[in-house]
């Protein structure tokens, strides 16, 4: 796996990013660049489907966007003025390629390609039923359910078939599709996962994050609204609201960690939000220390905010091996005991004899925090305090984020003092859920929260049909914040 | 090419890093980890030679250390308690692999493996002479000259043959060798390139930088002295001074850019030095601005130093695509005009309407500075000031650093005001050469500078025999600082 | 493409071979060996599906069986006591892998894997209908129709669903399937393509040709009868006749060219049959010459038969490059004019000044015959006679053999004298269709031929539904023998 | 390994073929085709060096000529009107590529490329001496000795340096070289290995066998004489005799097995010679049987000769898997006991109840003969007689043929009756050495044999310096025919 995340094993992982273009000269070039800008949302596989007015062209590959979709021969094959693409975090295995999106099928109504960010919480139930009626599944992806629902719909028009299909599904979906009527973008009624619309010359563009527009020089137009379906073709753009209205619940974790700091979500800068979270954290849980040290790189904006609010100098106490693009896998057992510091190293000359406050965006298993505190102590730190720019992560996500089982979430297993003891810090504090909403400029409505904060609160905004009878180990419907 | 340097095209490149181990259980595991920690010194090829007491084993590959030297089957082949390794920045081409070090030869005296950081300034002259006497060269590397000099030396003992060989060469060399008498480390009389010695349990270790010791948990012992040769084998460690004594001239650019910030060079922390350079720069060339914005990542320590000295907030005004390990090559011409921002993006929400001071470590061609200033203006910056944490780079290096031709060095072509005009900044300043020495705690002796600062001053510390009759375009013996 | 056929471009190509095992220790090992023995029936792709009692395992690859299915790690993954395999001649292209058999689907009734030799003549018609009802096709193969018919069948039991499905299809099929009830083998009512049953210890085996049994030391039991379905599982073996009885019409070309000479078809040795054809040809079209020269290697048995019947010495007048496993593609235009003899060469020392009779199994385009006659003349032959061990090939096959368009079949374009003139032979003769039946020990019933000889006679034994309205260029329902 | 030899493990292997061209438009195209025609002389690696008048271009690869040297991009790189090439049988291993010829070196006199068929019997001795004087060897090949002798020669002119070098070596060499004076071909004084000269338009060509001329449509001119050196350049062709005259001793085994049947050696057709050997064998060791069965493919010509002389029908009793280009490696132990017949199969329908005489070209270890006799008996043969078209192979070759150790040569271990008993044949006979000479039209002069027949007689025509003090197990200087 290619990565420069220093502590990838101990982060929640966004499972997908999507991108779509209608009306460009060579759409696939833009799709490739857009996916590259969304690479942080899924680093294990990528795919593109283009449409040249007559034929669909597809290419999927394991690995990063670069290395595949920057090859001229790949891009040239993906001909045409329309295209959609997908980056994916996924489990590995020999059959993985068939799960790489966009999925594509030749339906009686014509070609149909689909890229999906999110996760359906009744996919297994629908799949069993479709299977019994003779539908043959090619993948193990929840997304394929949508394609079979479209294929077997009794409606006439392609867009009506898609609407009909989506009315059967439950959960989170931000979709871009290519179909006979054009490029279709759609966001589930709660708008759990993001989707934005932009413009580059004549071309209309959709992407998971606005940063993908910056990269190609496109202009941000607006978010796709929760519950909105937009159809773009050479006649223009039409917007529908085919679903029952609902109060939106966009994912709060996009602000905390998933989105790039240079993206704009719901009208606010992610960088500014993270600094505000750091500042709020400094107010909620002040700390007297010589330096604020960010956990690179995701903790940097919150650490700057903390440093400025607390008037404590910001210093690079942990050096990442920035220069290294390719993960180094420890080759043999005989060096394991050395506690090898492949991705990060203490800046010992700075740390020795000092009191430091480490700022990180979130804690999942706690193993990374444990190692970092130890690394600071080995470097001679006098005191090590830890501040976390999100509330304790206590619940699994069923909407497209890869979370460990609850039994692996340290915050689901113990209280804050227990965690502090486990990671051996001198002090530990998390921002509160209310504090997090405050940093976002809101006051949390605990009866009807304005966002999906289920990973912190356990308050899931949809049914979870697939898990109702036999709740999996990672499920919890009881809030225990 | 794998890289996460955002502006690689516009940096000087260290050409090599070396690492050697004697007395470990599986030396090649340590060599691989050490090379990984030195990856920033050479990202295009890597090689390891091990010695198991009877046989030598070798493996070389293009590309990063990870991806090759983290494969158990590669490491297992590299058997034995002794090993040396090399990372290399090199020109590409089909014959490149034969130039990848360590070089190895079966000599009549036994096996001889050699890893070299530096560059010889009389290699071409020696090569012609050896060729005329019947020596057949396998590579186009200057380093191979040393091997043929050892092979044809009239001395008896292997170490004497090596000493005899090195007395003929001129230029910069920090070497680690495996030969019948053991592991040999040697640094040229001026100590131009770095070389340090450490210890891990019973094993003796040499590396280009101390950070390689941190990564494997080894202890730093001391620098190998300029002009010193150290022989390590199972009998112990012997130190020699086989060359005429000379006043050392270690490379000053290691402090500015090459070395990792968590390395210790000549007893000082690189991170602290870079902060001190930033602070000196703030004093020499103060600037009134809303934010200090570092050019990521190499400009960060100097920017922190500048920010603290100038009491201007430090902010991430340029976001790197941290999450991307593999370079994305723009696939087709049709998107070139978009000004694609693949590796970095302005944090527009922060920058708009503000005055910023950008801090970078050095300027080579100036093309990057031009793009960054423009990016800041496109993001709405009111004023853009540029401060550089090294003096103008006006001369080529002949000692193992890849520098462009002088005609490509912007500072060799124009004065500071000309550069400011070219990059379209509101103001531009470089630290002075004396200021740089001050930040290092020294006062520069202009008659006999304490360091090699030829890239800034043109004051080369050795003869440049290969270039004497026919000076190449990049050569300049006249100082014009 | 890997091949040792000297004149591959100018031969009809069998499109498939199938192999299946139930009850062996590691079935996939036997499947791999069996497919290797059937490699001549399809050289462009191969696949294996195994069943371990719980899970199905699959592996498909372009290229030969060797190189993929002789790798221990591939075979180990294909675990279990049951397995089926397929070799395929197919058109190339990026999506080819999804067409490589066995096809596999997870149906509501359980896993279903299918390997098919033959071709359905109403596949396109059925596919359109299934597509309209919501079935999504993964491949462009006619075989997938069977799987969707099984998936959507209203029957309860898996075997009944398969029978139900096969009642809708028309054309040629020799199948081996893995499904919940066990290993199923089935041959279409006319038995157009071959299928034989054998035994190895406890294991039951099915294969396209008996030679696959020889290779693994298995015992030939009997042919699967036309219209027979056999189900093998741990309870034993059951045979059904689920279709309406019909007079069998097995393919006559298997005797002429497709099958290996060491196979036994319909109780007779292919080698002996080919010798008998050669002898009959010598009687029908005698020739006075110094030598009989076989076109290697497929013409050898008929040439021996001709030589013995005509009392003319058998000599190797054409030398094949036996030693070469990998086809050499002429790299550049500049050598094309040399008339390069890559795969075969005249034995000039033998041929010069002599009269020769060349014996080949069949003529498709005539281009090879033309080159061979010319090669003999260039080598100094006094006279060159050509004798062909099959009747003129005038019609396309729709039952699983790759035939060129009719316009490319030389015998569909001109009479025998025209062909003789085209290939520039001194004389040319084909065995008659009646003579071919005589060599097989039969007298042809022209009202109801005992075999499918449509490629010679145009007398197709089934409907050709897909071609009824819009007959493709290669179709001819009018006999013009 | 790619091969279609059915019993490769049990054959002597020619170690090399060479090919050279001067004066063609794109010489490397012709070299590639010529090497393809010589593929049977070395199937494990191939290389080409071309010269465009200024630069040399080289490419080497493991594997067959096809697959590498039929790629346009490879051929295009090998620019120029002159080129030499080499095919090699060699031991495998990670360092094998550096042993692949042509070897190339940049000498002070200019570029020097060398392709060598044969083996030097004093290479180890010379190598030690050169090594002591400071020459560094790149390969483990005996051929490299020649290059270092050229590099260190005291002569002025390149051709004189080559002559000087060759005067120091002993053994067998047929060479083609590219050097400043042009294309040089040279054959050792005894002419042990073959080398022929041809013409294609203006181009002069050298090859190991005349069949390489047939393939490209070139004309055979004459053999290069033993002890002759020919220099070809744009001024024309000069011939020298730089060595002491000696009575030639060309290898007799070229006629028996190595050369292709369509080659002409020493003025005679290999095919005719092999038929004559078969006929002589029928006279020396007659046999009453129903059929003559050739061991495919190398035994076919001798079997035809035997059949015609003995008036016993020639039949294909053993069927090779002709259709298979890629060797299939038995993947797992669990099928080993089956006695899998991957490459050949008995034609049981023919053999059952019959008496057969098998004709093979040679016997090395005897393991193949044992298996074939058993295969015939398993197929129901009544009697199995074996006739061998060469004398017993009792001695190792030191001149470029890969022979097993003497202890593995069955004929070095036991007499003919012992061998018959070992292979379980009803009778066994070899042609006598005198009979073999008779078939070649000679009477053997036992005092001074006209050919090198050391593998049969032990009478080695040169010194074997490397083996004099410490004779290796495979050496025998005592004739024991």
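Order of writing sets the labels: A, B, C and D. Residues in every chain begin at 1.
Convention: a residue touches a chain if its C-beta (ideal position, glycine included) is under 8 Å from a C-beta of that chain, and two chains touch if they have at least 3 such contacts.
By chain, with names taken from UniProt: A, B, C, D = Amidophosphoribosyltransferase.
Note that this is a predicted model, so its numbers are computed, not measured.
Taking the mean Cα position of each chain as its centre, A sits at the greatest distance from chain D.
Distance from the chain A centre to the chain D centre is 64 Å, each centre being the mean of its Cα atoms.
One finds 52 Å separating the Cα centroids of chain A and chain C. In chain C, no position touches at least two other chains. Applying the touch criterion to all chain pairs gives A-B, A-C, B-D, C-D. Per the touch definition, chain B reaches chain A in the complex via residues 2-5, 25-26, 29-30, 32-33, 36-37, 39-40, 43, 63-67, 69-72, 74-76, 200, 211, 214-217, 260-262, 264, 269, 271-272, 297, 300-301, 304, 308, 313-316, 319, 321-332, 334-335, 338-342, 345-350.
Residues of chain B touching chain D in their complex: 77, 105-108, 131-138, 147-148, 151-153.
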